[in-house]
Amino acid sequence: MSISVKLEAFEGPLDLLLHLIDKNKVNIYDIPIVVITEQYLDYIKQMETKNLEIMSEFLVMAATLVNIKSKMLLPAPETEEEEVVDPRQELVERLLEYKMYKYISEELKDKQMDASRALYKTPSIPQEIADYREDVNVEELLGDLTLARLHDIFKSIVKKQADKIDPIRSKFGKIEKEDVNLTAKFTQVQEYGLKYRRFSFRNLLEAQMSKMEVIVTFLSILELIKIGRIQIEQEGLFDDIIITYLADDIVQMEEASF
Amino acid sequence: MEIKLIEAQIEAILFTIGEAVELERIAGAIDHDEETTRKLIHNMMDRYEEEERGIHIIELDGAFQLCTKSEMYETIIKITHIPKKHVLTDVLLETLSIIAYKQPITKLQIEQIRGVKSDHAVNKLVEYNLICELGRMDVPGRPILFGTTEEFLRSFGLQSLDALPIVNPEKVEDFKLEAEEEMQLKLDI
Amino acid sequence: MEIKLIEAQIEAILFTIGEAVELERIAGAIDHDEETTRKLIHNMMDRYEEEERGIHIIELDGAFQLCTKSEMYETIIKITHIPKKHVLTDVLLETLSIIAYKQPITKLQIEQIRGVKSDHAVNKLVEYNLICELGRMDVPGRPILFGTTEEFLRSFGLQSLDALPIVNPEKVEDFKLEAEEEMQLKLDI
């Protein structure tokens, strides 16, 4: 399922999400998270941005979506007192707030249009008056400012600047965008399953090279659960998940509902 | 005819200075207290409207400025070139809306709402003099707090921040209904 | 009500342009012949006088200009002489401290340290006579170098820059060279 969207036409992850919600004509309070997540990932896959910063912003949202998606696939914990919070709630609130500001900015745009039709006059203060410049009383202006205080202010700025330099990131040389192919990963995960039959979820994730690979691997697992090709067990909360590969062959991406 | 004279003085001041003049300064120049001065100016404002003049007085956060009425625009551009104002992109407008409603606000807070880095937008808005630094927030790192300027009010035809368009709860309900209708539409198919 | 509107248009034109506008141009803008336009303007001139306004229209060799009446002169002088309140805000203090300890420094370098555009702060500090231009840096664009004024030193009871913990006069040249090298480096990239 590929969606044709104009690449990089979005201001950010929230903007893209709103577009997808709009496009799918779904209720913002009831986002079909699976569909939207898939389309979202599909979109960022097409993004050819070399700008790591922009890409990472979109990836953070991808992780959020996958997180929500996984929470929704899991059975809700049976608690009596606590009301079960929809995992989508926080995202919905953010989206609504963002949507509100988009609406306001449209209103402001109209206001600016109207206001730009009012014209002003440049000052016409007679030269001899304009030439008059009152003396600023520096001493009064500085008040009880001491040199020590001025130095403190300076030091705090210099310190702040030093803090800004991230010791880890500043050591990075060049970071290149890697291609994580969803179709290939989907097949790869099945190959892994066919080989090991019963394996640890944690080991599988640890074998992944990057965050993007982890995300895509995780998505593949979810998909394989959905189409009944694997089974999972977990002894206790936060224990490792053991995956059993049930099938004897491998399905291609097109056959699955990705 | 004391009042006539004072009004003439106020008109002359606003005309000469051309920019927004604080009530305080006008009051000082005409030698009256601020309350009286404000009343006088408000009276003048009404008269400018009644008399269907080509110019009027606008109020900007307690300061006053003379400018042409917007209906005059077409005629004026016929004989003089009006320099274009900065065109604000959607990104800038969106960032500006957030700052206008949430001020004082830090860059980080803006970024949390927008979901994207906003350095460029914030810097551009500072450059256009639509926002300015208000000081620093008293938390570790002491981030800069931003707020809107007088130029912002002028550019958007707002008397004060109170005149910002209000998003009432009904509007939010509308968004919801809209979304639901869209949903219904889908179910009907 | 046609005449009212045309008069408003003429007022708006004269206001916006601020200088003398030839009858011909005004006539063209309001779409009337020159004779009619002249009559209209003369009517307006009479009215401005009758109403004892602060501004009036003057005729200069077939051109017209809006200006304040000469009786208003005293009031205008008064307002321009009303001292404005000067305050050293956090923004100004911060900028001042950077200039004090890093001088000579360009605006760009200040902005790099502060992370925001600082034109406003720099201009204000110059206006307050706390900083001044020291010269220009010898790189493309020849940016202005800023430093503190003698007045600033005097206020702190300092004899010279020597007394500032970091900077001394000999070092100033070094800093300047250093800065120029850095600048050059950047341009080379």
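Just so it is clear, A, B and C label the chains in written order, and each chain counts residues from 1 on its own.
Criterion: contacts are C-beta pairs under 8 Å (C-beta built on N, C-alpha and C of every residue); 3 or more make two chains touch, one makes a residue touch a chain.
It should be emphasised that the depicted structure is a prediction, and the values quoted were computed from it without experimental measurement.
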item: Maximum centroid distance from chain B, chain identifier (CA atoms); value: A
item: Central subunit by CA centre of mass proxy; value: B
item: Centre-of-Cα separation between chain C and chain B, whole angstrom; value: 21
item: Computed distance of Cα centres, chain C from chain A, in Å; value: 43
item: Rounded Å distance between chain A and chain B, as computed from the means of their C-alpha atoms; value: 33
item: Set of chain B residues in contact with two or more other chains; value: 15-17, 66, 68-69, 71-72, 76
item: Chain A residues counted as touching two or more neighbouring chains; value: 119-122, 124-125
item: Touching residues (chain side chain B, partner chain A) in the complex; value: 15-19, 58, 65-73, 76, 82, 85, 88, 90-91, 93-94, 96-98, 100-101, 113-117, 141-142, 154-158, 164-165, 167, 171-172, 175-176, 179-180, 182-183, 185-186
item: Of chain C, residues touching chain B in the complex; value: 1, 4-5, 7-13, 15-17, 21, 25-26, 28-30, 52-55, 66-69, 72, 75-76, 78-80, 82, 84, 89-91, 115-117, 120
item: Chain C partner contacts - residues on chain A that touch it in the complex; value: 119-122, 124-126, 129-130, 132, 134-136, 138-139, 141-143, 145-147, 150-151, 153-154, 157-158, 161
item: Residue ranges of chain A in contact with chain B within the complex; value: 11-15, 21, 25-30, 53-54, 57, 61, 94, 96-105, 107-109, 111-112, 114-125, 156, 160, 163
item: Partner chain A, residues of chain C touching it in the complex; value: 12, 15-16, 18, 67, 73, 76-77, 80-81, 83, 86-88, 93-94, 96-98, 100-101, 113-114, 127-130, 149, 151-152, 154-156, 158, 163-165
